[in-house]
Structure formats: structure tokens, C-alpha cells
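Following are the structures in question.
The same chain A turns up in both complexes below, where it pairs with chain B and then with chain C.
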Partner chain A sequence: MAMEPLLRIGVLFLFLHLSVLVNSSPSHHLQIINAERRIDLTSHIIKVYLTLKVENLGTSPTSEVRLAFSPAEAEHLAVVKAAVTTGKRKKKTYVPLDVKPVGPPDGPNGTKFFSVTLLTPLGKGETTTLEVLYILTHSLEPFPVEISQSESQLVYFRDSAILLSPYHVKQQTTFIKTPRSRVESFTVVEPTKRAGTELKYGPYDDHTPYSYSPVLVHFENNNPFAVVEELEREIEISHWGSIQVIERYRLTHAGARHKGVFSRVEYQTRSGASGVSSFKHLLAKLPPRVHSVYYRDEIGNISSSHLRKDFLKSELEFEPRYPLFGGWKSTFLIGYGLPLQDFLFESPDGKRYLNFTYGCPLSDTVVDKLIIKVVLPEGSKDPAAVIPFQVDQHLETKYSYLDIVGRTVVVLEKKNVVPEHNIPFQVYYNFNPIFMLAEPLMLASVFFLLFAASVAYLHVDLSIRKS
Partner chain B sequence: MAPKAIASPIPDSLYPTLSVFTLAIGLILTASFFIYEATSSRKTRNLTQELATGAVASVFLGFGSLFLLLASGVYV
Partner chain C sequence: MAVTTSTPTSPPSMAQDLLNSLPKTLKLKTKQQELLIRVTTLGLIYILAFITRLFSVLRYESMIHEFDPYFNYRTTLYLTEHGFSEFWNWFDSDSWYPLGRIIGGTLYPGLMLTAAALYKILHFLRFAVHIREVCVLTAPFFASNTAIVAYFFGKEVWDSGAGIVAAALIAICPGYISRSVAGSYDNEGVAIFALLLTFYLFVKAVNTGSLSWSLASAFGYFYMVSAWGGYVFIINLVPLYVLVLLVTGRYSLRLYVAYNCMYVLGMLLAMQIRFVGFQHVQSGEHMAAMGVFFLLQVFFFLDWVKHLLGDVKLFQAFLRITVTGAVSVGAIALGVGTASGYISPWTGRFYSLLDPTYAKDHIPIIASVSEHQPTAWSSFMFDFHILLFLFPAGLYFCFKRLSDATIFIVMYGLTSMYFAGVMVRLILVATPAVCLISAIAVSATVKNLTRVVRAKVQTLQSGSGKGTSASKGSSKGVIDNSQPFQKNGAVVLLLGAFYLLSRYAIHCTWVTSEAYSSPSIVLAARGAHGQRVIFDDYREAYFWLRQNTAPDAKVMSWWDYGYQITAMGNRTVIVDNNTWNNTHIATVGRAMSSYEDEAYDIMRSLDVDYVLVVFGGVTGYSSDDINKFLWMVRIGGGVFPVIKEPDYLVNGEYRVDKGAAPKMLNCLMYKLSYYRFGELTTEYGKPPGYDRARGVEIGNKDIKLEYLEEAFTTQNWIVRIYKVKPPKNRW
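And then the complex of A and B:
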């Protein structure tokens, strides 16, 4: 009997040992022959294009390639996409690959992993080329933290000159593209070269797994740091022929905070030199055939907006009530109607579904928290949302015009949304068209009650004296 | 099978016209209902006729007011 606990512990250790082996196995077999990283810092949304040439040195085929991110990067990571290139030169096509975050255990110093699943397992001695795109938000730190109206905005960007990777990297180069040629300072990790708007780190040879060499680039970036702290989009479906969208924005300028006074005269007369980091124009891309567009805030209608419509899209160009400087905020709402037949479809199994675009209609904008509310018509059942990425979902009930039991609302919440998230999503539901008659019958019965009341009044004798 | 787009049962450009006509018919029927109520005495009144006129008028007024709501942009 005394042997049994010992045996159990032994089995446990064996399992632990096995899991360690499984987790550490990818780093031993793979090697990156060549890594090229292009970091685009022209806007406040940082795009990193990574080209990896991976070779399998091990004996067993593997279909998993891991990408590593430092904890700071992982926190601000909005999108990670990977693709494999097939064909040569002009016939090059990109096949998207599945990318999944890998749970604990993390790597050394809290390194977070993402796992890329290859289409076909990589055999012994074979190589493949991966194209990875990842997007970082809120990763440019303004320095100085506060600037006056006439100053231009300088920011810090922190990264590593050497690619953080769980694999041995044979050769690598990093290119950093800044918006303007004004670069105050940058860390030199030989060989480092700067030409115009481009900084080149590398080529570096033979770096062991998890090598890291921090670099700091201090440069000018006057692009609008438009951040929507919270955006609530309410999409209300009416089977009587319309989809009504209301978007509530809480916009902020996330760049260097404004210091001192704001001079409207200086801002207006020297528009090229004054308030260069501020912004006053915003562009929202709306679907085609949009109608009844309105743009207002708590005070009332804001008249400074223009709508251009064509067959492919509608563009709403609008100005907030005041130009936005660093740290300033603006709250407003945009509403519009859309024709039902463009967005609502019936699937072959008889279900109805809404096909709408996720994300924020504003161009070049980060949304810290995006809440999409799809208000289904009264009487819809079994709502189910189909979205290509992870979101928080829950259901609510909303009461609108002529509602008795309330409308089912599918709420989809996501943090850290960038323009790359503007992809279609679907909400499926069951709906019996007979429920459409509920509203007119409700109105008709109210009128009928009125008539019945007058009939009853004229038929009942309320007089005390007999006639 | 390709997904089929769902449109409204009545083209939404027809809503203003429809609301004018159905409301007009509904109001005429309402008027005839009240004229009947006022002109007939308690003994000559026919309950089925009263209720029938009222029912038809309320259906027209009900749909008319719905179309009016839809035409004015309140999509219920």
C-alpha cells in the first residue's frame, strides 16, 4: 500500500518531464537563416513586417513556428498575421496561416509566444519563408511629455536591434522608417546606418535564442495621434427596410500634452507652423448608399461636415468642434441609415444573418475599447455571432418603439482595435416574418379600443332619470 | 446556394404614398363611423355595423400610422 503514493509521484514527474520536453522541443530543431524586419513608425499605429526564412535542423518534421514578443510588446499588440509565400517573383501569392497565442509557460523574462501553424509540416533540412505582420499601438512615448502650440512633437520608440526569437538566428537586419528625416538621437549597435528617413540596424550574424539588445530612437512624429477611448456602435435592424447605425465616440489626442495657452489667431494664421501635431479633420468611411447621416454632440448639430457618396463607399469628412491638441478630448455621435437588402441575408438553412464590418470607420485610428451592439428585431431567437477573432460576447435586452418583450441585443466587445480589424462579421438569428405584423396590429388594436369605447359609451345609459 | 438578400416586404420608397392613402381611407371610415353614431338613435343603431366600421377603420389607421412612422424615419 505504501508504494502507491510513490508510484503516483513518479508518474507525475514523468508527465512533467514530458511536458517540458514538448514545450522546449521547437527551439531545438528550428533555425532562422535570415530575418528581415521593417518597422514602420510613420503613424502612431506601428506596423512591423517580418520576413523569416526558417530551416528545420531536427530529424522530425514540425509544423509549428513560434514568434516571441517582449512583455511590453505583447501588452500593446493589436494584430499578428502570418502568411507563407508560394510561387516565384511575379506569380507570388500569399497564403494566410493560423496564428494562436501560446499560453503559459512564458519564456525567459516573461517572453510571450505566438504559434504559427504551417500548411505542410517542415521536414528535415527543408526551409520555408514566412511573412509576418504585427501591429503595435500606444508604443510611442512622447518626449518632451508637454509641448506648447508652436513646438513639434517628438517621441521615443523602444525596441531591440536583435530579433527576439526562441530560435538561433543566423543573419538579420532591421529597418526603421521614421515619418520625417528629423531624428534627434538613436542607439548605435554596430553596424548602424542612417539615411534620410531610414535607420538600418545590422546585418548581425549568429545570435543565440532570446538575444536582446535594447535600442531607443527619438524622432519627430507630427501625425495625428487619434485615439478613440471608447466607441459604441449600435446597429439596429428593422425588417421594414432599414438598418440604423449610431456611433458614440469619445475621441482623444494621445500625443504630447498641450502646454500653456491656445492662441486661435496664431493657429489660424500660421497653420503650417502652429499646432503641427494637432488635428481638426477626421475622415469616416461609411458603406455605400448611406442615407440620413447626422453628426452631433450634447449641444446639438455640428455643421462642419461633408458627405461624398459613390458606388463603392461613402466618405464623411468632419471636424470636431475644436482642433484637438495633445490630451484634449471630444465627444460626439454619428448616425446613419442603410438599406436593409445590402446587409441582411438568408442563409440556405433558413436562418437570417447580418453581414457587417467590424472595427472603427475612422481612418488611422486606434480604438481602446470597441463595443458593437447588434439590436435584432423583436421576436428573433437563437442569436449567434461569427467573428474571425476573439471578442467578449453577451446578450442584453433593449426597449425601443412599439416593443413589448424587448429586442435581443448581441454585444461584442473588443479592446485595442486597429484599422486591420475592419473585416466583415456575421450575426445569425431565427426570425419568423409573422412577428413583423405585431407592430401594425398593436397600433390597429389601440384604434379599435378607441372605437369600441365610443360604441360602449353611446350604448350605456348613464342618466339617472328614466327616459 | 448563394445567400439571398432580404428586403422589406414593401419598397421603402412607397411608404409616404401608402401612409397618405391608408390614413385618408382610415379617416374617412372614422368620419362615417362618427356620422353614423351621431345620426342614428339608440333604437335604430346596429352593433355589428358599428363594430365592423370601427374595425376596418382601425386597421387602416393602424397600418397608416405605421407607414407614417416608417416614412418619417422611425423604423420600428
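And then the complex of A and C:
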């Protein structure tokens, strides 16, 4: 795919902290010469690739380009990334740009803005090409809302045929890719063309700012709508050489709700035609050198899982206790241990830091609410988290084995997390290695006291009567 | 502690003494050596008793087993989460819908309180364990403690050698392990410890006449009452024992103190358990203890009068009058009490113990439980192995050296052996007695034999060591008679004894790992290529219920699965393993054995949303609902005469194939078990709809459901759940 490099370097760009710009640049001085939008509907995570060719018509140079989203889109927006291409055709490189949500005032009809900060201000009459990727979740609406076991899942997708933009758009095209060629219906905004799994809207010429032309696509999508309603990842650091991770999942099938009978006979014998939208297999990508993996839930171990390990990654293939049909839920937890030296480092100023991956290890899932808890060893001080995007942070205290003062827990919460959020983050803290000895010394002294007490007991006669 | 009282070290200037004797102390004295060996052995037995019960955790996982433990686990969880007073006043609306159950008033809280206390202690010591792990390991922990109590008991009854042997035997005895493997979180796990502790403390009290020991035994009894309904055994065995001592002329003031204190205090303490309440003064099962209590007073009074009078003739007359008076007053009191209903008659369970055939005729619900069946010889052999032969030998030794303590252990052994014969599960109660008595046999035999073997060595070495001089003297005479044969014979016998004991150890380990470590929630089988296949269908179904049904959904199933559904599925059930209301269970039995439309009315009246059946036709799992079905018919028919057992049988034969009775082929249970089963080929070379559990092709393959629909069936079809459809609209 053409946009692959964009994803790869997207990791880099999120580290960049460019200076904040004043968001009062006059918008009507820009014009979009050409806009191409490719909407990928193959999974339940919608990816939109947007290529914008922007021209500055105004007199003063500007370095801010605004992206507009309808309120419904803004609500389900998980990621917005932008990059600018440099170099010629063959040696194209993408340089990531800083993207920030713009606070009120909103545009007409509650349009929300994101501002892209260009690397160099765009001078008068200059043009630049922006590559934008944004990801939407929960934007496919199943219709019919309830389906039976033998039916396949149909969903609605709503968008606009015309790009919502605060700028004048000279020419634009929109491509919509559906997972299979079965499309029940779609809104026609001439010129509209459909070929196989692709739907083409446009090209349209000259649309004024904030033009909108709603379209509705009704198509078949049997991909697993795996949504983790809440994921709590607890990363416990022990300086004795291991990191323990416990991930508590609340998984649900967010597609069309299952209706009526669940027949095991049909599910077993006619697997191609029965329960096509249900899913059973899940895949978690775990770090390499993972050990002591377990997979269980509130009522015990779940035996249907396989672990594959190699040098670069470990993959845990597992199944919930039962296949998940629309609306069915399952909760479970996965736990594993990791070698400490792969994730804990010492920074030049003497602080320790944990370098771990944010996000959810499950492939192709949306996490509505992700809570990461980093449990620092007892006695560590001044925790500070460095995360390339906005999260809610607070501190907690946890008591684990043989703790007296409790361990500091750094809690990081984020809503609407998609696989694109699987990028490293760091937690810095100060730790004095002397605290490592506290627990062994405690245990040793208990045993010492026990033996001392029994020695004393054997040598002291406590009876009142002299026999 | 009895161990330390025998060490004769009480030096006045200890520090100096220690310094002086430092080189000497490295070389231990015989007594210290003995102490060291004994303590080490006991420590090893303690560990052994624990780890031999961990097979189930290694083979499967750390989980709660079987049926009743799930209730115990659920209540323990509630106790740790909500605190004691909430737990004590808990009205559980999740079971016995629509009646509910007052948990605090209908359970023995000892187990839950113990586990919760262990949990609290561990958390106080900063061990962040989960309550489930505590529950899973409670039974092995108490088994270890039982072994220690067995040591002290054996020491009290015979000597410390017998004590150690008893501890070792009971640590691995399958009869006890069957109820105390890790995960078997049931009342018995703690109760056997409490039972043995009570008995030990009582015997100790009788032997010493000490008020403190009998006080301790009263508290032991209180713990037992709080833990298990089997306390009735104590409250009947102890008076029986006292009576026997009275009859055999072994009455003493020690006995008087021990029994009175234990009975009075124990009774008052036991009344604090709400489930037991005033039964100690109101129930027929407890009257023997009270009768003996009054009898003891009469005895004491007579003794006192005899002491005062001194005139034999006058005393004889007085004796006659008092005894007649006392007996008649007692008889009248009992008669009036029973007639007026103040004293409740014996319960069915009690009757069925005295008369094994009683339950079969009168209470099918008790007879239907497999662990209430009379014991087969093979299970005695399986659970006791060589102890079965050592038991009579031990009895012989006990009779040879009769004392108050040995009389007790003999009575305990004989009565509990009888009960073990009546009910399979009571093998558990007999196990400590059998182990103790066998230990006496082993210990006495080995001691005698080693004495014979060692005697010659001592004579050759011109005998040193004052401790053995007495035994040397006695054995010398024997040796002189037929020295070579006797010594060789003794060696052979010793080797034989060790061989037998090692066989016992091997047998116990084998039984534990093969037979008693299966959680019965997870089934394991061998696949075609020898690999282990796990059937986790129960948990699959329960977890489905928990996650995907309305939180207030009511589930109807046979009572066996009630506790599991509430604990793992977290849903309301109609009946469960508590079986306190026979009519309610009979209603469910009736629904299961009626036609679908009749059953629908019953289910509507009980607000049932889901029906759960267990079906083994695909996997060949034989303890499924179709095989239990006749009990449902019997229990249902016991209350509702509409249900008649012969309707489901053909010529007295129970079958599910084409020749089955028409009512059988169309009753709800049959339909739910075999719904759409006719389309499935279960075994290669067999027609579709071949039931592997019963080995027949089913008789009704075209099953239509009108009022229910299939909601969920597990992967191997072991659990099938149906949804009860809402009534049709009238228009």
C-alpha cells in the first residue's frame, strides 16, 4: 500500500513537539486545488487516507492548514495524522506534521477543526501536498440491527460525497472500498461509479467551504467487530529481573445483534454459511521473550490457546470460551512475564525508565477505554510518564506481596484506542537499589526469629511446678 | 507442647552452661536425637499430607471442584466482600426462586469463616493471595493439621510411635484424600480435623480429669458444630462411650468432669450456630447426650450418698429407688416431650443411617445421591487398602491393653465402620479411626519385632543404656528358647511389614493421582492419538450464562447444577443442591418429565427464562440428565401422582431408542437432550443420532420445540441451554 511509509514514520512524528501556533490564521486565504479521499471500510476500523494539495491565495504566509470534521465523525475519531511529502517520485519521503485539535469556536453546524502545522510557512501562491490519515471507530451501523445465525451482517456507512473543508475545494474525488462486492445500496451523487469492491464519487469541481452532501452506503461486512469495552493493563516492575503484565479484557461483538436460536449443529456442520459474522479466534501480539503466559477468566483457566514464539515477536492465538455472536460479551485476562532488561533502562541522569508499548496487543480491535497501570517497585519516587499523545494521568497506591508502604502506580487512561496507538511510551522514576533488599531481609529475619524462638523455648522451662 | 516436657534441660545458669557444653551439645543425647527425629518426621508428614493433595492443581488447575464447594466458595467470597454481619443476615434471592434462601440460618459457617480468617491473616501479613487460592488450599492445609492431631491422639491412646505411624497413615489415606484434595472446598475438609481434635481433647480430658482439656474439647466441639452436620456423630458417640464406661464399672471423677464440662459448654456454644439452634434440647437425635448427662448426675449423687451412708443395705434400697425414679422420670419426660411435639422425632437422614433401606422407600431425594449409596466392598479396599487388615489386628492390641482411651478408640472405630458400610461418604468419618487403630497394630508389631531383632545385639554388646534394660530383661527369656528362627522370623516379618507399608504408600499415591484429583467440572479424556483432550463444557455454558443473559434471568435445571449455576453463571436458579424443599424439586422434576405444553405452564408459573440440561450423548459422558432422569420421575411422582414411573419404562426397562415408551420419547427432558441430535453423526460407522453414552440410536429424531428455543449448546454438547419463549400474543 502506498500509505505504508506514512504509518511507519507516524511513530516518529508524534515525538516532535513543535511550537504552538496561534489559531487565528485567516482560513479563506487557502484553497485546496485537489483532494483525493480513500475510505477503507474493509474492517470495522475505518481508515481514511486524504491527499490534499493546498495553495495559499492570501498575501501573508501561513503555516496552518485546518481539517474539518462533522460532529459525528469527531466523536468517533481515534487518530489524525498528517505528513508532507518531499522529494521526487522515486525518493519520496514523508515528514510527519504536528496535528492539534482546535478548541472553540467551532465551525458552522458544530464542525470541529484540527490544525496541521506545516514545517515551513506557505508563502503567497505556493502549493504543498499533505497526506492525512484519520481513523474512525464505531462508525458502521448494522442494519438490520438484529440478524439470525444464517444471515450475514449488513452495515450502513454515512459520510459526505464532498469533502468537508473550511476551504474552497477546486477538484475532488472520493473512493470507498468495501470488503466484498455485495453492496445493497448506495446514494448516487453524479458522477458515481461502482466497480467490484470500489465505489467512486466524483470528480467534483469547485465546491464552496463547508459544502456537504450526505451519502449512505449499505453493504455487507462480516469482519469481526471486536470491541474491547475496557482494557486494563497492569505492568508490574520488579527489579529482581522481571516484569509482570496482566491484561483484563471486556470484549464484545459490536456488530448486528444475534437474534433467536443458536444452533450448534449448524454452526458445526455448515461453518461457511452459519454465523459468518461471528468470531472465535483472537490473536494477541506479545513482545518477544515472553514467558509464563496464562489465559483465564473469573471462573478459571481457559484451555484453548496457543503460543508461538520467535526472536521478533510472540503470538498468542486464543479463543474465548464460546464463539462471539453479535452483542455477546466475554471477559478474560491474559498475563505474562517479560525479562526486565528488555524494557527497563537507566537514563543518563540516573533515573530509571520503563519503555513499553501503549495500546492493545489484540490485532484489529478497538478499545473504548484503555487503562494502563504501571506499578513501580516499592520505594520508587518522582514518577513521570512521557506519552506521545493526550492521556489522563493520576497516581494510585497498590499493596502487593510483602509491601509495607505500598507501590506507586502510574495510571494512564485513554478513550478510543486503535492499533495505531501501539507506540512506545516511557515512565521515568527514581529508585534506590537498597529497597530491593527490604523484602528478602524481612523474610530472613522472620525465619531467624522463628529459630531463635524455638531455641529459646527448648532451653527455658516455663512450668510453674518443679518436677 | 508434649514434645518439650520430656526434655530435661532446665539449667540455672544457662549462658555459662551453654558455653561450657558447646562441644558436648554437638553430640546429641539419645533423647534429643529421638526428639529431633520425631519432630523432623512430623514436619515431613505435615508437608507430605499437603503436597500429595496437590495432584489436582498440577493435573488441572487451581480451581474449586464438584458441586457443593461452589456454594461454599460463593458464600466465602460474599463473606470477604461484605463482612460477617452481612453474611450472617444474608437473604439469597439467587437460589430457590421464588422462595429464596436465608443463607446465614441454613448453613454451617465454620468452613467459610475459617477460609476468610486465613485470607485476612495472609493479607495482614501482606501476602496478596486471591481468596480462591485460599479456598482451594484450605482442605490440604487442614489435612496436614489432622495428621498432627492424629499424632497427638495416637500418643495419648498408645505411645508416640503409634502416633507417628497414625499421622503418616492418615496423611496419605485415600479415604480422607477423597474429600480433601486441593480444590475440594467442602465442609468435610475442615470437619474431619475438628472431629479428631474434639475426640483427642475429650480423651485427654478423660485421662487427666482436667477442666482445661475438657473446656478445650468443648471448643473443639463448637468448631465441629459450626463446620459440619456430622457433629451429630460426636454428640451420640461420646455419651455412648460414657455409658459404656459406666456399665463396665470404669466410672471416675475424671469422666464426670470431662463429660459434664464438655456437654454443657459444648451445647451452649453450639446453640450459637443458627442452623443448629435449639436442636440440642429439642431434637431426638441429641437426646441421648442429655440422658447420659442426667444419668451421670444420678451416678455422682449415688456415689456421694454411698460415701455418706456407709451402710450397704440402706444404700441398696436407696439405689433401687433412685434409679427407678430417675429412669421413670426420664422416660416420662421423653414421652411427654415427644408427644407434645417439643422434641422433634428423628430426621430421615438419621433413620437412613440406622436402616439402610429406609431412604430408598421413603425419601428418594436422599437415595438419589450417589454418595449416599451403601458402600461396596471394592470401595473399602480402594480407600483403606492394607488398613482393612490392620484394623482388626489393631483392635486386638487395643483389647489386650484396655484403658479408657483404647475403649474410646475401639468404639469410635466400630461405630464409624458400621456407618461407613451404610453410606459411601461416611468412609471419611471412619478413616481417622481406622488409621489410628491400624497405627497401633503397626507400631506394636514393629516395636515387638525390633525388640526381638535388637535383643541379641544387646546381649552381645553386654547391654548398655538404661532405658532398654527392662525390655532387655523381658526379651532375653524369649530369645534363649528359639533364638535363630525367631530372629530370622522377626527380620522376615519386619521386611514384610515394610513391604506392605510401601505398597500402601504406592497405592495411596496412585489412587490420589488417578481417581481423586479430578475436579469433575473439567473432564479429561485421551484422544485418538493418546493426547489429552479437555472437555470444558460446563464452564463454557456457565460463562455464557453469566455474560450473555439478563442479570435477573431464572434458570431451571436439575438440582445438581444449582450451586454451580449460581456461583459460576451468577444467575438465579429454581432449585439447587441444598435440597431443603422437596416439593420445589418435585415441581422441577415434574416439568422435566411432562410433555412440552404442560411443562410450559409450570415453567411460566416459576418465571423460568432458561432451561439447562446436561447431555452426554456426543461425548459418551454417562452422568448426564438422561441417566438421572428416572430419579426426576420418582421425586416428581412422589409429590405429584400424575407422574408415574411405569409410563417411562417398557417392561420395567429404561430405554431411549425406538422401543422406548411414548411418554419417554416426548417428555421435555428427552426433547431438550436430543433436540436436533438426530442430524448429527457422532461416531464413524454408526447412523446419525447415535447416543454414545447409552450406545443406542435414539428413538425420536424429529423433535420440534414449540415453546422453547435453543439458546446455546456447548462445543461438545454436554450442556444445552434453551430459552423459554414469551407467551404468544392473543391477536
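One rule holds in what follows: the second predicted complex is superposed on the first by the 425 of 467 C-alpha atoms of A that agree within 3 Å, B and C clash if a C-alpha of one lies under 4 Å from a C-alpha of the other, contacts with A are read in each partner's own complex, and residues count from 1 in each chain.
The rule is short, and it goes like this: a residue touches a chain if its C-beta (ideal position, glycine included) is under 8 Å from a C-beta of that chain, and two chains touch if they have at least 3 such contacts.
Given the structure is predicted, the values throughout are model-derived calculations rather than measurements.
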item	value
Touched partner set for A:Phe262, first chain B, second chain C, both or neither	second
Contacts of A:Leu340 with chain B and chain C, given as first, second, both or neither	first
First, second, both or neither for A:His459, with chain B first and chain C second	both
Partner chain(s) touched by A:Pro214 [first = chain B, second = chain C, both, neither]	neither
Touched partner set for A:Gly123, first chain B, second chain C, both or neither	neither
Which of chain B and chain C A:Phe451 touches, first, second, both or neither	first
Per-residue contact with chain A, leading partner among chain C and chain B	B
Chain B versus chain C as contact partner of A:Leu402, first or second or both or neither	both
First, second, both or neither for A:Asn301, with chain B first and chain C second	second
Doubly contacted chain A residues - partners chain C and chain B	400-402, 458-459
Residue ranges of chain A touching chain C (in the complex, touch as defined)	260-265, 268-269, 297-303, 321-322, 327-331, 399-404, 457-459, 461, 463
Chain A partner contacts - residues on chain C that touch it in the complex	4-5, 7, 9-11, 14, 18, 61, 63, 126-128, 521-522, 534, 536, 539-540, 542-544, 546-548, 568, 676, 679-680, 709-715, 717
Residues on chain B engaged by chain A in the complex (per definition of touch)	1, 3-12, 26, 30, 33-34, 37, 42, 45, 47, 50-51, 53-55, 57-59, 61-63, 65-66, 69-70, 73-76
Of all residues in chain A, those that touch chain B in their complex	236, 238-242, 244, 292, 337, 339-342, 344-348, 352-353, 400-402, 433, 436, 439-448, 450-452, 454-455, 458-459
